[in-house]
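Read from first to last, the chains carry the letters A, B, C and D; within each, the first residue is number 1.
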Amino acid sequence: MDLILVNLIDGLVTGLLLFMLSAGLTLIFSMMGVLNFAHASFYMLGAYFAYQISLYLGFWMGLLIAPVIVGIAGAGVERYGLRRVHQYGHVPELIFTFGLALLIEEIVQFIWGKNQMPYSPPEILQFTLFSIAGNAIPAYKIFMICMSMGIFISLLFVLTRTRVGMVIQAALSYPKTVEALGHNVPLVFMGVFGVGTALAGVAGVIAGPVLGTFPGMAFLLGSIVFVTIVIGGLGSLWGALVASLLIGWITTFAASYNVAMADILMAVGFEQPIDLSESAWRDLWSLTLPQIGPILPYLLMVLILVFRPYGLFGKRDV
Amino acid sequence: MSAAAALQLEGLRKSFGKTEIIRGVDLSIAKGERHAVIGPNGAGKSTLFNLITGRFPPTGGKVRLHGQDLAGLAPFQINRMGLSRSFQITNIFPKMSVFENVRCSLLWAKGYRYSFWNMVSKSRDLTQAADAILEQINLTERRELPAGVLSYAEQRALEIGITMAGGADVIMLDEPTAGMSHSETDYIVDLIRQVTENKTLIMVEHDMGVVFGLADRISVLVYGEIVATGRPEEVRANPKVQEAYLGAALEAEH
Amino acid sequence: MTQALHKSTHAPQGGITLASAMPWIISTVVLLVIPFVFTSNSAITIMNQMAITIIFALAYNMLLGQGGMLSFGHAVYMGVGGFMCVHVMNYVEDYSLPLPLPLLPVFGGLFGLGLATIVGSFSTRKAGTVFAMISLGVGELIAACSVIIVVFFGGEEGVSGDRTYGLPFFGVEFLHQIEVYYLIVFWLILSALLMYLFSRTPVGRMANAVRDNPERAEFLGYSARWVRFFSFCASGFFCGVAGGLFAINYEILTEENLNLVQSGSILLITFLGGVGFFFGPIIGAIVFTLLSTVLSLQTELWQLYVGALFLATVMYFPGGLAGVIMMHWPAFRLGNARMLVLPYIKTFIPCLIGILGTAALIEMIFHLRHGAVGDEEMTLFWTTFNVHAVLPWLIAIAITGAAFWLTRRNIPEVVDAWHRANSLPGAAT
Amino acid sequence: MRNTTTLGLTAALALSVSATAVWAENIKIAFIDPLSGPFASTGTNGLHQYEFAAQTMVNDKGGVLEGDMFEIVPFDNKVSPKESLIQLQVAIDQGIRFVAQGNSSGVAHAITEAVEKHNKRNPDSRVLFLNYAAVDPALTNDKCNFWHFRFDANADIKMDALTDVMAENEDIAKVYIIGQDYSFGKAVAAAAVANLGEKRPDIEIVGNELHPIGKVKDFTPYARKVIASEADAVITGNWGSDMLGLGKAIIENGFSGPIYTYYAAGSGMTGAFGETGKGAIRLVSEGQVNPPPTDEAKAYYEAFLAKYPDGNIDQARISNVIGMLAQAINEAGTATDVVAVANALEGMEYDSMWGTKIYMRPNDHQAIQNLHINAHTDEGVTFDYDNSGFGVVSESMIEMAGMDSPSTCDMKRP
């Protein structure tokens, strides 16, 4: 029971982190139709920038400045790269972001080298806030939860209570109409792209110290972010939130409970082969849940796309 | 009884959310008839077309083609039963050549289905048929150009060519002359008359000149209901129609 | 068949004319002769790799270019075909079955086809993002299985076989790279020809139609889904053939044949070459294989350059390298290609120098940052110099700057020449 | 037409690569390991150690035979078996007869098989495979061949050493085993279970699980299970970011016991563990760095640092590869007849500057040497890693570990 609570908290941390990435991505995707493959790369840039800044000005300045730089970089990419490719259609756009992801990883390696960076949480948060049955909950985790919640609430506020938010919301559902109404859609695009990447940057700043700051961090997270927004349904911020939490909890719980395939197979009446090492099915018999935990989201996505192509909360086709 | 009607609509309804766009349409179109559907903007003409051709599922009612219920059939299945349509917005294959456009539209009708053992270029039959259609729609000179670079009228002609190429006996044209000059319109009307010889034609059209010139019978659709059906002169004389629609339109024309 | 052949010579469109057969004949001759020109084993190894990549890229382009379907997990069809081939290889060896090696790729093809049939049955219902994301998910799932299902995929070390298992095939034992080369070339020509012909069949033509306008295609009697499905299966078959050839050439298949990196790079290769033309992926495969095997020997930063090249291609030449080549076709036809030569030389040589200069500067910065202490010497373009001295930097910057300045200055001339070359003789002023 | 010209260009380039074979004066050793991509840091650092060893131990001392110099030729294999095989072919074409590789047992399997096939099919250009770090036991057991020599202790021998030390620790009553889901992770788990069962049957194995390799973003759930199991010690074979992620998660979530592992030092790992890992991380390795075992080793390390201030000697065996190869070439009197060199390597006893004797066991080509269990700490560190102030200090030593370990190798000699 205690472990469940601990897992809920851990899953919440993962889920909210994922949400900070998927929120930006779903906004970008549904407004511009661009599957931004480089989104996780901006997350990585956030972590690296923050690390570099933290060397001179400390963690908090990093948290403040790095996302801004990432956002500006994102807006620049939209303005000088994506906008140019936009005229050729969606596939080249997508391939552009794909190439951009490769290039950013190379540039990061060029500047910072290939090793993991010793980027760690600020001293002030390096203590155990409380423990549940011997499981320490570091203060930094609670800080991460607060940060992401704060961002979600402010995002919600901006989207529902401000003029800009209204335009964006309208553009999510009726992109062409909004343009026809005379709004400067390119500027909105650039803004959304910048804000979306800045959000990814924030995620990078706060995740870098716990999940590691290394050149492979974008690749590790990259495709799972897509999976999240596809499961949640495009253009739906709530969908992104629900899917992020869902994936956070699924992966956490899957890793926590050693459900063995052998038990399931025996429960439904199969007989375990006597000599497992010779059986052609030995890999199936020895399968456990933690082994496949991280790929469960992909399975979920394929199933959802086959049976409900617009995701959990989406209104349009993906 | 049903054998007589090429296309029969029975109490066809369609709602989008709470709004009912088509409110119970009954219509029977005989074989070989040229039938026009007219009506003011927003009357639901295009929706009606889309319901018939399976683009949208109807909320209620039935569509019968040669007596067969079309419920639940996909567009390609309806097409194979002998119904072909054009679109209001030009809907061709812009990156392929004009000749290719026509040839593609012939493939199914010529029985090639999903074959991957025939070379299309080796079939003399196919090439000749496609060239014949190009001749008919007057685009032989444009044969090798990508369809996307044709003029608007030429694209509309190509659209009609594609629509009737498959040899369907029921042809539906959605505003074939929309956005055309007078001379272009004349060209298209001649074309339509020529290619729909002995076929059933259903069309939506705004240009009254075209409608009265081509149609054997006319239905007037107002707010999702057919207020009148009959021969052109009957419809013209119908006071209900004049009140709802025709009067204003005729005034505008003269 | 023969009858059709005879008839078609008169048909205005079709048939095998000398002009249409010429590229095939020339390619075949070149492929046959080239090992006599470049005899080293490594050149042949690289060419083998290229040929396999070409088949894979062409098969991928059946989806991306011809059918408009973007797949993010296409490596699995090649990979699974290859894995099956290694298993067949081992099985045939264990039971001494009379299966000659050259026929092995057929099995790869059939298993690729089988997998594509299963996956295609649900993934091709929609095109666009749904298809792309399903392909990503399936690709990731199968790649993940490769380390879990050890019986079939062999875990991390993969599965390996021995291609010299059987009796000699007409005296050839496939001991040497050169014999494998000719085997691969045979399959390359055969598959490329079949894929080309596929694009000329009704289903191949309709694949183009569905790509351009699925709705219209539906109203022509074709189910867009089935057309996509058939393209997908055909692509799976040829991917499997490529996998079979991979199994023969390397005699080992591992997890890397299935993973997303492989799937991503085939997308890059195809796009780099150009999706709009049949021969585009061929160019892409050749260039990319060269970059990854030869450039990577020259510099650690090769992926940086490949990334930059790729991005530049997407931004400035969305038609890929094939698009760039075909851009010049009208000028050739007008007989004006000569007009372009001089302006091109005047512009692109400085441009090339500028790019090389930039690369040199990048290499110098890299050496300065990451080189060993005391190791101040570096060699670039056959020149050895001290990176810590100022002079080399000044020279590099000056050359690069001057080259780009020259390029900029000459661009209007190229544009002008381009317009003249592409206008009819009479219209030229 | 276009494709043909491009193809010509290709082959021309490929030829220019192979043309370098003409100047083969030096004895070349191909270094086939990742120099780009995610594992490049390990590869690059390894390359530096090779180049330094060849320079200091051979070339500066006048070379081998009649003054022939060693030259390390780097090839980037991107940890891809396919690329490795291509680069192997390029290396062979350049006239290289010695191939060194270490990162990834998967690549090592590909290379050892390719080398065996190549040597069988091309007796004129045989090559030796000097495996300096791939530790899958199969390479010197079922999959062994005459051309393969392993200079590192294999995973089983290392686990034997680790469990020797664990067995002496009376505080350990419960052990948790966790590893990456692939051959090496499974081999580690199996060896740990077998060894512990034999040496300390009273130890309870409270957890034995695998996680997907390179796919876990957050190791917290795994750490929770370790803590919930009340284990006193953890055994893992993880490497790379999986090691760092797992180690940090376990420690930060409240685990205070030792974590016994293989690869938790160098390549940025020591720096990233820093204070967190102190007192927890124990790793097994050959070659003692702290305290420096001999003056020679100390001078060697200092000279290395003078050249590569950011570098680490985290693979002492690299210098053993160079030293043993040089000795074998001198004994055989030839560097071109690799069979003679291999015969000289077989059964060689070599005195390493790292304070151990190395015996190349003839029946399976597995090097037998002293192993150390090191602690990650900042106390008593002469040579730190990653310039972090932290390093590894030898806590205990197992002499000639695995000398009598069994091998299923059935060596076929030419």
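Definition applied: a residue touches a chain if its C-beta (ideal position, glycine included) is under 8 Å from a C-beta of that chain, and two chains touch if they have at least 3 such contacts.
Chain by chain, the UniProt names read as follows: A = Amino acid/amide ABC transporter membrane protein 1, HAAT family; B = Amino acid/amide ABC transporter ATP-binding protein 1, HAAT family; C = Amino acid/amide ABC transporter membrane protein 2, HAAT family.
It should be emphasised that the depicted structure is a prediction, and the values quoted were computed from it without experimental measurement.
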Item to check | Touching both chain A and chain B (chains) | outcome: C
Checklist entry - In terms of CA centroid distance, which chain is the most far removed from chain D? => result B
Checklist outcome for this item: Of A-D and C-D, the pair with more C-beta contacts is C-D
Checklist outcome for this item: Per the C-alpha centroid definition, the whole-Å distance linking chain B and chain D comes out as 74
Item to check | Geometric centre distance via CA averages, chain D-chain C, whole Å | outcome: 35
Checklist entry - What whole-Å value do you get for the distance between chain A and chain C if each is reduced to the mean of its CA atoms? => result 32
Checklist entry - When you check chain A against every other chain, which residues touch at least two of them? => result 113, 291-292, 294-295
Item to check | For chain D, residues that touch 2 or more chains besides their own | outcome: 40, 44, 181, 212, 215
Checklist outcome for this item: The positions of chain B in contact with two or more other chains are none
Checklist entry - Between which chains is there touch? => result A-C, A-D, B-C, C-D
Checklist entry - What residues on chain A touch chain C, complex-wise? => result 35, 81, 84-85, 88, 91-92, 94-96, 98-100, 102-103, 106-107, 110, 113, 223, 226-227, 230, 280-284, 287, 291-292, 294-295, 298-299, 301-302, 305-306, 309, 317-318
Checklist outcome for this item: The answer for chain D against chain A in the complex is residues 38, 40-41, 44, 181, 209-212, 214-218, 220-222, 224-225, 227-228, 230, 241, 244-245, 248, 252-254, 267-269, 271-272, 274, 276, 386, 388
Checklist entry - In the complex formed with chain A, which residues of chain C make contact? => result 64, 70, 122, 125-126, 128-130, 132-134, 136-138, 140-141, 144, 148-151, 260, 264, 267-268, 271, 301, 303-304, 306-308, 310-311, 314-315, 318, 362, 366, 370
Checklist entry - Which part of chain C faces chain B closely enough to touch in the complex? => result 4-5, 7-8, 11-15, 197-198, 200-206, 208-209, 212-213, 215-224, 226-227, 230, 234
Item to check | chain C - residues contacting chain D, complex | outcome: 23, 26-27, 30-31, 34, 37-38, 40-43, 45-47, 49-50, 144, 147-148, 150, 155-158, 160, 162, 164, 175-177, 246, 250-252, 254-257, 279, 282-283, 286-287, 289-290, 292-294, 296-297, 300-303, 325, 372-375
